Amino acid sequence: MRPERLKNLLERFQRGELSIPEVLDQLARAPFEDIGFARVDHHRALRQGYPEVVYCPGKSSDQIAEICARLAAAGDGLLATRAEPEVRRRLAAEHPRAEVNDLARTVYLPPAEPIEIAVRGAVLVVTAGTSDLPVAEEAAVAARAMGNPVRRLDDVGVAGIHRVLSERAELADAAVVIVVAGMEAALASVVGGLVSVPVVAVPTSVGYGASFSGLAALLGLLNSCAPGVTVVNIDNGYGAAAAATRINRLT
Amino acid sequence: MRPERLKNLLERFQRGELSIPEVLDQLARAPFEDIGFARVDHHRALRQGYPEVVYCPGKSSDQIAEICARLAAAGDGLLATRAEPEVRRRLAAEHPRAEVNDLARTVYLPPAEPIEIAVRGAVLVVTAGTSDLPVAEEAAVAARAMGNPVRRLDDVGVAGIHRVLSERAELADAAVVIVVAGMEAALASVVGGLVSVPVVAVPTSVGYGASFSGLAALLGLLNSCAPGVTVVNIDNGYGAAAAATRINRLT
Amino acid sequence: MRPERLKNLLERFQRGELSIPEVLDQLARAPFEDIGFARVDHHRALRQGYPEVVYCPGKSSDQIAEICARLAAAGDGLLATRAEPEVRRRLAAEHPRAEVNDLARTVYLPPAEPIEIAVRGAVLVVTAGTSDLPVAEEAAVAARAMGNPVRRLDDVGVAGIHRVLSERAELADAAVVIVVAGMEAALASVVGGLVSVPVVAVPTSVGYGASFSGLAALLGLLNSCAPGVTVVNIDNGYGAAAAATRINRLT
Amino acid sequence: MRPERLKNLLERFQRGELSIPEVLDQLARAPFEDIGFARVDHHRALRQGYPEVVYCPGKSSDQIAEICARLAAAGDGLLATRAEPEVRRRLAAEHPRAEVNDLARTVYLPPAEPIEIAVRGAVLVVTAGTSDLPVAEEAAVAARAMGNPVRRLDDVGVAGIHRVLSERAELADAAVVIVVAGMEAALASVVGGLVSVPVVAVPTSVGYGASFSGLAALLGLLNSCAPGVTVVNIDNGYGAAAAATRINRLT
Amino acid sequence: MRPERLKNLLERFQRGELSIPEVLDQLARAPFEDIGFARVDHHRALRQGYPEVVYCPGKSSDQIAEICARLAAAGDGLLATRAEPEVRRRLAAEHPRAEVNDLARTVYLPPAEPIEIAVRGAVLVVTAGTSDLPVAEEAAVAARAMGNPVRRLDDVGVAGIHRVLSERAELADAAVVIVVAGMEAALASVVGGLVSVPVVAVPTSVGYGASFSGLAALLGLLNSCAPGVTVVNIDNGYGAAAAATRINRLT
Amino acid sequence: MRPERLKNLLERFQRGELSIPEVLDQLARAPFEDIGFARVDHHRALRQGYPEVVYCPGKSSDQIAEICARLAAAGDGLLATRAEPEVRRRLAAEHPRAEVNDLARTVYLPPAEPIEIAVRGAVLVVTAGTSDLPVAEEAAVAARAMGNPVRRLDDVGVAGIHRVLSERAELADAAVVIVVAGMEAALASVVGGLVSVPVVAVPTSVGYGASFSGLAALLGLLNSCAPGVTVVNIDNGYGAAAAATRINRLT
Amino acid sequence: MRPERLKNLLERFQRGELSIPEVLDQLARAPFEDIGFARVDHHRALRQGYPEVVYCPGKSSDQIAEICARLAAAGDGLLATRAEPEVRRRLAAEHPRAEVNDLARTVYLPPAEPIEIAVRGAVLVVTAGTSDLPVAEEAAVAARAMGNPVRRLDDVGVAGIHRVLSERAELADAAVVIVVAGMEAALASVVGGLVSVPVVAVPTSVGYGASFSGLAALLGLLNSCAPGVTVVNIDNGYGAAAAATRINRLT
Amino acid sequence: MRPERLKNLLERFQRGELSIPEVLDQLARAPFEDIGFARVDHHRALRQGYPEVVYCPGKSSDQIAEICARLAAAGDGLLATRAEPEVRRRLAAEHPRAEVNDLARTVYLPPAEPIEIAVRGAVLVVTAGTSDLPVAEEAAVAARAMGNPVRRLDDVGVAGIHRVLSERAELADAAVVIVVAGMEAALASVVGGLVSVPVVAVPTSVGYGASFSGLAALLGLLNSCAPGVTVVNIDNGYGAAAAATRINRLT
């Protein structure tokens, strides 16, 4: 339960708009709600400042729907990632306010009351090539859901170095840069050398055989010659957004 | 050349303390000085805000000494990492102001004028076990050299979960947390769940056979269930410090 | 053939309820029955104390059905694991007493007479996240089939450390704990530190790209900083149940 | 602090043999003593029932000596593993009661008062070949230190299957079997099929090139066709002993 | 072109049954026939003593059919391996004499005149489990096509060591033993210790996650503690048959 | 925009056939056209001398079609690689002049005016086996699109060494040899020893289990005992063609 | 105990040259002698037809000496492999009849009475390059110790294909060919295509970085396009000799 | 024997300066000289146009000296690579004309008569960092020995992108570029995008833990987003030089 919502709950109780049992019912769900196969975390918003994220792979359609229903009922908002098309359709049907993004494979339900978090500036999501777009889109959707302004810079891989060099101003202006790159992922080293702001790199599984599903990009990023570039898991756009949010928030 | 130093140079020129050739000689070294086997980067301080770092492995003792001499001559300061004992002794002898740290395997020569960078707060370096100390010490030395206040929390691995739980206040108080952990590196997931500040994780090569020289810790950290934990290379304390500095600096 | 059944066979013969040829026919199947493509092991129950387990992958539907028919005919009971939906349907049709579990992908046919084995206590199956449920369910089904009381604790991964800490009593009360975890599998280290009973860990193939189909979890568990945690194969819920049974049985 | 010792402490206080400050001094060390680079865990004996284990690699000789001094001062006993020859010599000199085992690379200091733990039976340590002895010896030393009776069966690899078959009675008589094997580690599968007691397997790094420092043995054990064999890290004799102790203790 | 056929060709020419152009046409195909996308090797039978083998994966259905047509036209016989169901159906339709084996995924067209090669004895194909059968069947089909008598011994994995021990006479009687085993493939070490005849081992891709598609079995076999066990590629039943044929032939 | 086309544009403007706005419109697209999800590089032809190549995996059908439309509109020509059947059909329909190659999975649209580049000689594409043909065909199509004469030599793997030895003249006559080989890829070492011209090797993912999707071939080629053999990514026929073009062009 | 020696023992007893206790003492050692840390196998010669082989790595100098003393005392002969220089010196001093080979790192003590085994023909050991010699020499020494005539063919790698082609007669004349090759190990494929006798391949750890200590050669050999080539462990010359002996013996 | 030398030999014979036996003795060494453990290739110069290269690892000091003596005696010249310090000293002493390079670890003995080969232009060797120098130096020494003019460009890694951009003219002017880079090796992608001449990339083993001894750089280069970059083995400077020579020679 987000702090605003908690405050609002107490105020409504003070004004007599809610009965004691109604308040208790809301609070009883904290800190997490055990629904048998999952413990729905209603305090995520409180602890981390953004809605709970439901990672769909390995969960059945019914499990996902049930978890989302509980989160929605608590008014916390939610973000479902890596949702298969049928899951996206089902959640869209069950939550009319939800925003579906087919490229990112996400369903985002904003919280009942908008999150307002003070941040340093914009998160800039940069891609090396068009094939990296689904991961970048996931990062962008998640970063927005977590309260960050988001900007984009696409298809600026280093084989045509003029593409990224012509965007130096854009890069320097960001509070955090997320670099999404497959193949050898050289873009992060060039960007890391051009800017002194934090750079979070996401290797993608894009590439010919010896990319080994993103291993080449992952190792490339971990060995970046630009000091201070940090790395998240392969294709993990959401993770990069979470890291960017930790960095971008003013406490 | 650091901005302060550049300003100071111009002021001394204005006051007639330096001749035009003397100013030119200082500026001529920019942006990098080609000494045959290396291009000494005198603008690193300008671009990144901290002294040039000399990574010693693969360089001969003479090459390291030569590069350091050029950096010292420019008054920029320098940090030599992964320096073998004989290199540490040589640099200590040639640069009496240098600070040698045997555990961290570093030699640090502060710049002629102290760096003063506005930062968010302290960088907290946390270790899972005593065997992770050399990497943690490299991170701490580097973070201090880059202008961050540094605090430490050692030997709080999760097998005794009370050790880390009893330090929640310390963790929450940091601007950035660097978690240094070998074996399965579970500590980062627990810390990442306890705090909402940025967490930079360094896998170490500590462990029995199937740690495969840090691969287990590396994969563990990349797959951390705590969202937003970012990772640098195995045993790369310096890289973690550089990342923390990008995050911690106020621009 | 289970000991009880053997004793029962001889008693029925003693009482004249069975003829010599009938007894011989039953006994003739021991120690294993060669059906061409397989040797059906009718002494598994005798040797190990629980029904034969049929691992379905790589076997044709007809082969599985034939093996199960032989085992059922001997009254030993059987457990089919990793059964595809059509195999589950076929076995359910051919063995009306069989219990099908779609999440676990198992078909369990209890032996003609119930197994009664003296055990230390309950086997507690713990999962880090909802996506680990299929493997945990396989472990639970198998552990029950092998004569253990089974309890469950789901979705208590360490990113929200309060979830597992609030269940310390439940953990301490188990005779054996099976920890089922994907991603970095840090849960086993925390659980291993909290309890002194045996902990059997099952890595799962749940996770983003660099989990490499469970390799990250496997390495994480092998390198657990909690001493005495043992590991079975990736996604091998059945193997964990077999290990727990070896531990839990009183001889 | 072990329970017996705690009880003894209180009794001595009751009898007037200890002053209040003396008692407090003893208790103040709990739950762990922060000595800067390490948190010495004086409650390990209380929580796990056996002395603290000091894993030496990655720690300096001085650090090891300091940690051991603190543990010895508290009367808890200690076991140092993977100790280099010079560390073994130093600890032997500083702790005259300590037992040094050069093959196992261990130093064992028994606690001030002997541990008496009720156990199921003997731990049987089995090796495939003579080259596996150092790991087996570490397991045996550790298992004894943790209060288990230990028996040995050496050089019974499956290439001469008669060697292990002739020891069936010995195997069947154990409460827990630890199988230590390098190369393809087939021994664990044969032993696992012969007995129904718990089998903990330790892969060793013994073998020709494609053993890849124990990877072959590790994978072999994880894929054992004998159900319920569990695995610990490569060459981790101590870990196997800790697992056997969890299994063997009667609570 | 097989020697017998060559001799027959010349005899028919001698008897006037063939014209010079007809003989030339037959011989012209040697040593290989270039059909654009492939060089059909009509001398394989001459060089190696058995029909050409067509490995189907990566070839289109039309390419396979064309190659087989050429081989059949030359009367050499052929063996198609890893043939998909539709390829098997097509080849069966186009070559009525062909023998299709669905389990082995092979189509075998015997040569116009039977091969008669002097051999040492029988090739014995042994499997550890039922899931290894497809690979074993490929080995058996290929070994027969190459002129070896073939015997079988199935499902004798070492978890029930009595299964293989009870077949010692059968093992000792073979001229060559092919061991087909997945998981940890321990069977080859036991068999290699029981017999002194050549043992060719085939790892299979059968197993849970950490079998890594047969890597565990492959490494296990390469590290077999039974000296003189040799290994072929994962799931390569045909390769094992070819190796057995080299060994079994009397020259 | 290719140099010829640029010259033609200016000449047409000189002759009054184009207005200033028309010229500007053409030039405005340079150096790349930002279409949101991609930066279409109209200067590739200028910089590299051959049409832009669109790597299809990871791009949606609509994205591919849009990028191709822009490139076609500029008259530059294009080569789409790894195009799925439906993408090939769509591009064929939208670009009637395009040449579709189903084996190579390519769609090639020649530039408005033919490229004429001076080259050293012919590029010879050699395959080890029929299963390597798709990759070889991609290399051949790409090499032709880049202005090279191309010759072919198929199915000359070293198991029948006479096949490659009988083509020595053909090999020696090439300006560049591209060797396409899977399995152990030994062909490149033999070819590299036979000729002194440049050899570019492409490992393919053809082979039994332990080829690990081309890893075996890749490592084999990198370790070729014939000095000066260079390697591109697994199955990367296009990359080999690009390398051959760099080598073959006369500047 | 070798059969000849057993017969001789009984004959000497028959002739009254040995007392009953003396015969019993000799026989009592069978089937293996338990010397604490090892079970010395005195029946190896009986079962396998050649002396026991002592693999030295991981064994202490004293253990090796003790095992060898027992074997020598029984008159069986022995072969110590991978012996360090000091072990070679010690064994040479303790067994004056022993033959030391520094290149092969072996010590061979012939049995008291020479082994005479009927074999098919000569074992031919072939190397690709001079750096492969130590492994080849181990294979040659071991093959001779096992009763095979041995011939050599060195430095015939395929980069100069004429080197191996000029030795076709030598190759064709062997009963078994052992190919020892590092780097990409292409030699085995060429040899396997040239001859129809059994080919046993030994990958060596010779090569630049991406040979990964012999992994490249190992994978290359497993994927050999010449059917029927079998493989042993990296650098395992002894294993190849044992395999060749299994093949070469006439039973 | 190099062509010039052969011609010279015949001319001297024609002029009566050499007797028939003297000519025969010279020619008899062709095509290779069998010196027991090696076949010294006196025709390498004839076939490849440059001196034989002796790769030292795995060869004894005596073997290396013997091979070099034979090559020197034939007047062919030689290049010894990866020579240990003592080998370098020995060869320098035995061949006073030899040029020793300690950084490159090479000994180069020029042929009796200088090689004069027509080439396209200069080979430019580029390094990312100072730690890459030993490999780059090996490449430079070898390229010169093979008759290429060589230029150098050092320490231009992409973290400071201005370093490489300021050298575009130098890059564009080369006939072949050899890029030597460790860590993530991003430099090759940037260089490959800047120039259209052939780029041969050498990964080096320089880097922190997750470089895995050059694997990260190797994968990075194989996945380079700049089309047509080719790759040789890790740290294989000599191989890159050989490839550059194949490309640079005019035939």
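In order of appearance the chains are A, B, C, D, E, F, G and H, and numbering begins at 1 in each one.
The definition used in the following text is that contacts are C-beta pairs under 8 Å (C-beta built on N, C-alpha and C of every residue); 3 or more make two chains touch, one makes a residue touch a chain.
Only a predicted model underlies this, so the values are computations on that prediction, with no experimental measurement involved.
The chain with its C-alpha centre at the largest distance from the centre of subunit D is F. Taking the mean of the C-alpha atoms as each chain's centre, subunit D and subunit H sit 54 Å apart. In this assembly, the C-alpha centroid of subunit E lies 38 Å from the C-alpha centroid of subunit F.
Look at where the CA atoms of subunit G average out and do the same for subunit H: the two points lie 38 Å apart. Among all residues of subunit A, those that touch two or more other chains are 129, 160, 182, 207-208, 210-211, 215, 218, 222-223, 227, 233-234, 239.
Each chain pair that touches appears in this list: A-B, A-C, A-F, A-H, B-C, B-D, B-H, C-D, C-E, D-E, D-G, E-F, E-G, F-G, F-H, G-H. Contact residues of subunit F toward subunit E in the complex are 103, 130-134, 154-156, 160, 162-163, 182, 206-211.
Partner subunit F is touched in their complex by these residues of subunit E: 31-32, 36-39, 41, 55, 57-60, 63, 67, 203, 205, 213-215, 218, 233-236, 239. Residues of subunit C touching subunit B in their complex: 128-129, 157-161, 165, 182-186, 189-190, 192-194, 207-208, 210-212, 215-217, 219-227.
Residues 47-49, 53, 196-200, 218, 222-223, 227-234, 238-239, 242-247, 249, 251 of subunit D are the ones touching subunit C in the complex.
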